[in-house]
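There are two complexes below, and they share subunit A, which is joined by subunit B in the first and by subunit C in the second.
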Partner chain A sequence: MYIMPKSQARALAAALAEDYDLHGPVLREESGEPMFDRVEDPAAIRLEAAIPYNPPKSVVFPQAERIMSYRYDREAKTVSLERDDLVRPKALVGLRACDLNGLLCLDRFYLGQEYVDEFYRDHRKKMFIVVNNCVRPFPQCFCVCTDSGPAAREGYDVALTGDGDDYLFEAGSEKGQALARRLGLKEAGPGAAGRKAKIIDASIARFDAEATENKAWISRVMNRITTGFISNDIWEFIGDQCFECGACSFVCPTCSCFNIEDINSREGRTDRMRSWDSCSYEGYTRMAGEHNPRRPVEDRRNKRFFCKLSYSQSRKYLRPGCVGCGRCNRVCPGDIGIANVVTYIRREITKAGAK
Partner chain B sequence: MSGANAGAIVTVPETAVIDEIRDEIEDVRTFYFSFENPEAARAFRARSGQFVMCTVYGAGEFAVSLPFSPEDDRPHLSVRQVGKVTRALHELRPGDKIGLRGPFGNGFPFESIKGKNVIYVAGGIGLIPLRSSIVHVLQHRQDFGRIILIYGSKSSQELMYRDMIEKWKATEGFETYFTIDRPEPGWTGPVGFVHTLVAPAKVPVENTVAFVCGPPLMFNSVIKELLAAGIKDEAIMSTLERHMKCGIGKCQHCAIGRTLVCTDGPVYTYKQIKTLGEQI
Partner chain C sequence: MSTRTGICNFCGTGCGHLLKVDNGVARGVFASPDHPVSQGRLCVRGWHIHELLSTRDRILAPMVRRNGRLEPVSYDEAIAAAADGLSRWSGDEIAFLASPRSSNEDNYCLARLARTVFRTPNIGLASDQGHGDAADVLLEGAGFPAMLGALTEIRKAKLILVVGGDIAKLNPIVGSEIHRAARRGAELVTLSGRLTQIAKLSGRHLWFKPGTLRHSLAALAKVLVERGWHDASFLRDRAEGFDDFARYLAGLDLAALAAASGLEPAAIEDLARSLAQAPTAMAFFTSGIAGLDRPSVALLFDLFLAAGKIGREGCGVNPVAGICNIVGSYDVGASPRFLAGCRRAEGPAAGRTPRELLAADPTPLKAMMVVDRDEEIVRHAAKLKALECLVYVGAYGNPFVEFAHVVIPSATCAEADGTYTNTERRIQLSRKKIEPPPGVRPAWRICADVAARRGASWPGASAEDVMREIAAAVPAYGAVTYAGLEKGFGLQWPVDAGHPAGTVRFDAAAAPRRLRFVPAGADLGVAAVSKDFPFLLMAGKANYFWHRNNVMKKTQIPKREYNALLLLYPRGFVELAASDAKALGVRDRAPVNVIAEGGSMRVAVRISGDVKPGTAFVPYFIEDMVPGFLNAAGAAIDEDQESAIPVRIEKV
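What follows is the complex of A and B.
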């Protein structure tokens, strides 16, 4: 472990900017809102900013992305296909632990199983990750309930933990070690690991008093959903509050569904685009000929909660598909962000227990 | 990668030339194709029950079950025009080109059904995905017991692959039962929905597997009849269809419960289907 004065954070970002496209938390000029975005100027990165409104998902899984283009000349009967291969190395500086865990969920899904998602893989390789451990929670947070924070345990090149005027700088990879040497950081000495543990413990201890917007004690709920304990009534109650706006899916660090469309340009080229999609949309499963196997509203609306809290991540990877960032609760106009859904279900469990 | 999908064309389609187009029934055509690239042609080893993603250049891509079996001499697709992309496909003529990705999916489990009686129950174009299996089973006639095809459609004009079925009938012990939904002049066979033929066909129960494919309503009533006849849940198989975009288990449009039709299916037993918790 190394010590890095907080004043050196800009130098860290600048060093990475030489080899990578830089991404990190920034404050919007007009409103001061924290966003996770591409930055040209390393000084724009604000490590102290609150958790950004958007997750870093779009860095590896852009909202709309061309995955191929082709020209078909019907007269000459020729096809020329072209695969986009313009992926540049990226550095993510100032990622929170929840969002890093979101990326790891996406990794498991896109890079695992029978097929690898080649487009995701191309974004993900050649990436440098600097995680910024949370020394205190934000009001919306519940990462302690989803085992994804406040400190990252894996998947980073560098982990920073704020310690007064300094950061404790941990290298998680060879690349991270090289950066420490390049920045000329000094070793933190033998007591540093214990100091970090204390800082993180103190952060956890603050959740009760400071992370007051959401509570989502997820593990028991996951068990009950997976074993079919939750009655249809409660799913209907939850489903009835859904506006089908898709906002939850778009701000979620782990939601990965996409659509693919071929878009014709005036120049005669066709772009095969993939773009974010949401399982809460009615047309999501509709087939040609209008047959829609997922027609009942509760089928459709609750798919997402099953996905997060039962099958997708948990049955395969033994963790929830939720990382406790609280963004879905913040954007949902129907009060059915994951934390609230968990609360509704816990209420049912409690009622059933009282009977 | 291993198993059923080894060697699949995954991301960028391979271009194939349409060699011949045959009208099957109204709105359904069969497209015989060959790959431009001989490598792709060699690598393309579809198993019965799998599907492909077919690109109609300039229009988009759709998922479609493969009707042909490795025993057939030419690869082909049979497609009903039912949406934007399939309509564009129907506008193509021999010599035009399409793109193909795949084959994807699990395919029918032929090894485990050796020595059994095989019942096919198809409704309308539900015969398309079953065709490959029928071809395979008839080619290996000695490996199976009774082979029964129960097939129904709206009218006699909408029975698929009729010429082919006539040829198959020459195979010893291939029993066929046809029905159409409403009476029509010249039709002397049974009239009524396809499930009404299950009981008259006196299907064997012991050591029997049933393949069922057709529209959702037909599927549900046929399953009832088969169960009533005594066929077990796990001996009934179907290929499910879903809206698909990627074919490789990533876009999630075909998710049913925790399974994905594109990689866990499209072939499921009724025992599995019952636990999926969605409509067919």
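What follows is the complex of A and C.
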């Protein structure tokens, strides 16, 4: 472990900018909103900013992306293909632990199974990740319930933990070590690991009083969802409140579903677009032959929470599909962000237990 | 990638968004959590506006029709062809069709072009009947021709009454705000002829027979007044015309109203009592393409006025506009009924809408200028084709182009500065975020160039200059400046010397005159079933299926959702209760003939729990249905989405 004065954060970003496209939390000029975005100027990265409104997944899985285009020549009956070069080494500076866990979930979906998604892989490879452990929670956070924070355990090149005027700088990889050397950082000494543990424990202790927007007790509910012992009334109560906007999927750091559409143009070129999709839409599960296994809205909501919270899905991600960032609760036009759904189900468990 | 603050251009809610632009192309959108109305929420349409903005189905070159074919020409040639072509006609031979999705600047210039250069009052939005009726009633009753309350005050209402169409589908973020208020403890009541999502979220649903909204509202008002539950001191201090209203109610028969509407007298009484007792109450109804008709809005206004729920915090009668700038379009005079500033157009200044002129047989129209329309074409395709001069100005590919003699491409909402006024009168500035294609100009500029060709010199060189002119012409915009709008998330009109920071809601105590009861007028009427026509048919819209979908079809995900339903029911559907379908001997998706006195259509059955036995519902977004049925039988539906027509349904 090393010590890096906070004043050196800009130098860290500048050093990475030499080899990578920089992405990180910024405060938008117009309104001061914290967003995770591509930055040209390393000084724009604001490590102290609150958790960004948008998850960083658009770096590896953009909202709308052309993955290929082709042109059909009618006369010659030939097709010419064109592929966009997606390989840009990227540095993610100032990722929060929940969002890093989200990225690891996406890795397991896109890279960790029998099929490897080459577009995702091209974005993901040669990536440098600097995680910024949370020394205090934000109001919407519940990562302590989903085992995804406030400190990251894996998947980073560098982990920073704020300690007064300094950061404790942990290298998680060879690349991270090299960066520490390049920045000329001081060794933190033998007490550093203990100090970090204390800082993180203090952060966890503040959740009760400060992270007041969402209280989710994920573990109690995973069992229920996995075994399916949730009454249909609850799903209908949840389904009636779904406005079918798709926002929960779009702001979720782990949601990976996409749609593919070929878009023709008058001049003959076709763009193959991949874009974010959501299980809240009726068209999402419609199959050829007009069959739709999840046509009623409550069936679609049921699917989402099964995906996030059931044991069988957790085996896929090696963790729950929810990372406790609280974004879905903030953007939901109904009242069915994941923390609320967990509450509704727990309330039912409590009632059933009392019977 | 750059992220720029913007305003959603779909419905009248006016949600804030952050548009992501990559190399001059919109590649994403994110909700703006700080926006006072939307607060981080968007609906399915709003989450996909980048798909529309990046569509390649754009009009890129000015064109003029020669020998039956559209040929590319220079911009100046197109302007000349448009100006010269239109100038040959006058009076009722010419009309201007504006878009409720255009900016205030665009519509102000179009209205000015129509009224001052081509000297015709025939300018309209075509889809504005419902909003026009609402503006008219509120102007008469309160001197305030738009939402009396505010979306940002929904949380202060203790009782919320949603009337008619499904606000959760049409304006989802307004529906969300209402739902949030209910989750916090406000009482939510829906009054409708169909089981809507907002009805499912309501504590009480008064489910009346189709076509009896007026009867239900009149019954509520009668109970409220005759039990003495009206707010007598408020009415004494602030209102006039109560005695006439009470006399009108006295002439109605409560038992007959209850019987017509099918509502339990006890439910009517309970709601009237709740409305009277609630410290604050708001009413919401969707306006726009087909909102409530004038008598219904008048009765709703009178009911809330009698209950003392107008002009105070957390109160108000609130029309909710279906398209983003209907309110602003009215404000700047893109209507035959109102001049800029919502002054009633009278005498020769009063015109007719293009729709009225097209509907006349034979139509007097010879020439039209159309800006960015995406509907209303199927009904009158033959008449449009026969026009001597049709000028189309728009950004996207559009069926009007097929009939146009002159086509001029215009910038999209993301390609030009402009202001849009949402349903709570919030004037919002949307800055240019994307460079338009080469040579493509904003619509207000095109209007100015056409005017210049006719010898009129308009000095404005920027959208901001046009806003200066609007501020001078429209009293409610008197103190509006781009700098002022840009400081926050817009300002709610009136924004004038007395209210430089805008006006959150109508304030009865500060109003220049007393509130007035608005006569509901004619007899309440009722569509009655008969042996020959035993079903009552309603028509409506749903969230993906509006504006004839020329816009939605340029997106991907919303289009897919639209197609998911269309593939199941390619020629439209009629919703029937399961028991009725069984009695007819038809299963889901079986074809039936729906026959009304004036016409018939063949559609598929969709069995639904959302309609009561004896009633049926058609979503009127499907083009094929329109010429065959709604043209003949749908006049009532045009006027009021809560109206109903008696039909017979036959198995095919």
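Here, the second predicted complex is superposed on the first by the 341 of 355 C-alpha atoms of A that agree within 3 Å, B and C clash if a C-alpha of one lies under 4 Å from a C-alpha of the other, contacts with A are read in each partner's own complex, and residues count from 1 in each chain.
We take it that contacts are C-beta pairs under 8 Å (C-beta built on N, C-alpha and C of every residue); 3 or more make two chains touch, one makes a residue touch a chain.
Because the structure is predicted, anything quoted here is derived from the model rather than measured.
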Should the pairing of subunit B and subunit C on subunit A count as a clash or a fit in the superposition? fit
Touching A:Phe128 in the superposition: subunit B (first), subunit C (second), both, neither? neither
Quick check for you: in the superposed arrangement, does A:Phe61 touch first (subunit B), second (subunit C), both or neither? neither
Output check: A:Tyr344 vs subunit B and subunit C. Expected answer is one of first, second, both, neither. What do you get? neither
Is A:Tyr167 touching anything from subunit B or subunit C once the two structures are fitted on A? First, second, both or neither. neither
Touch test for A:Trp235: subunit B only (first), subunit C only (second), both, or neither? neither
With subunit A at the apex, figure out the C-alpha centre angle toward subunit B and subunit C and round it to a multiple of 10 degrees. 80
A:Arg74 contacts which: subunit B (first), subunit C (second), both, neither? first
Touching A:Arg38 in the superposition: subunit B (first), subunit C (second), both, neither? second
Of the two partner chains, subunit B (first) and subunit C (second), which one does A:Phe305 touch, if any: first, second, both, or neither? neither
In the superposed arrangement, which partner chain does A:Val331 touch: subunit B (first), subunit C (second), both, or neither? second
Between subunit B and subunit C, what is the shortest CA distance in the superposition, whole Å? 8
Footprint intersection on subunit A (subunit B / subunit C) at 259, 261, 264, 277, 286
In the complex, go through subunit A and note every residue touching subunit B. 67-68, 70, 72, 74, 77-79, 81, 83, 109-110, 113-115, 117-119, 256-262, 264, 270, 272, 274, 277, 279, 284-289, 291, 293-295, 299, 303, 306-307, 310-312, 315
List the residues on subunit A that touch subunit C in their complex, please. 28, 30-31, 33, 35, 37-38, 53-54, 58, 62-65, 240-241, 243-247, 250, 259, 261, 263-266, 271, 273, 275, 277, 281-283, 286, 290, 292, 330-335
Counting only contacts in the complex, subunit B reaches subunit A at residues 1, 5, 10-13, 15, 17, 55, 57-62, 82-86, 95-97, 99, 216, 241-243, 245-246, 248-258, 263, 278-280
Using the touch definition from the top, list the residues of subunit C that touch subunit A in their complex. 1, 3-5, 18, 20, 27-34, 40-44, 46-47, 50-51, 54, 56, 168, 172-173, 175-176, 179-180, 183, 197, 200-201, 543, 556-557, 560-561, 563-565, 567-568
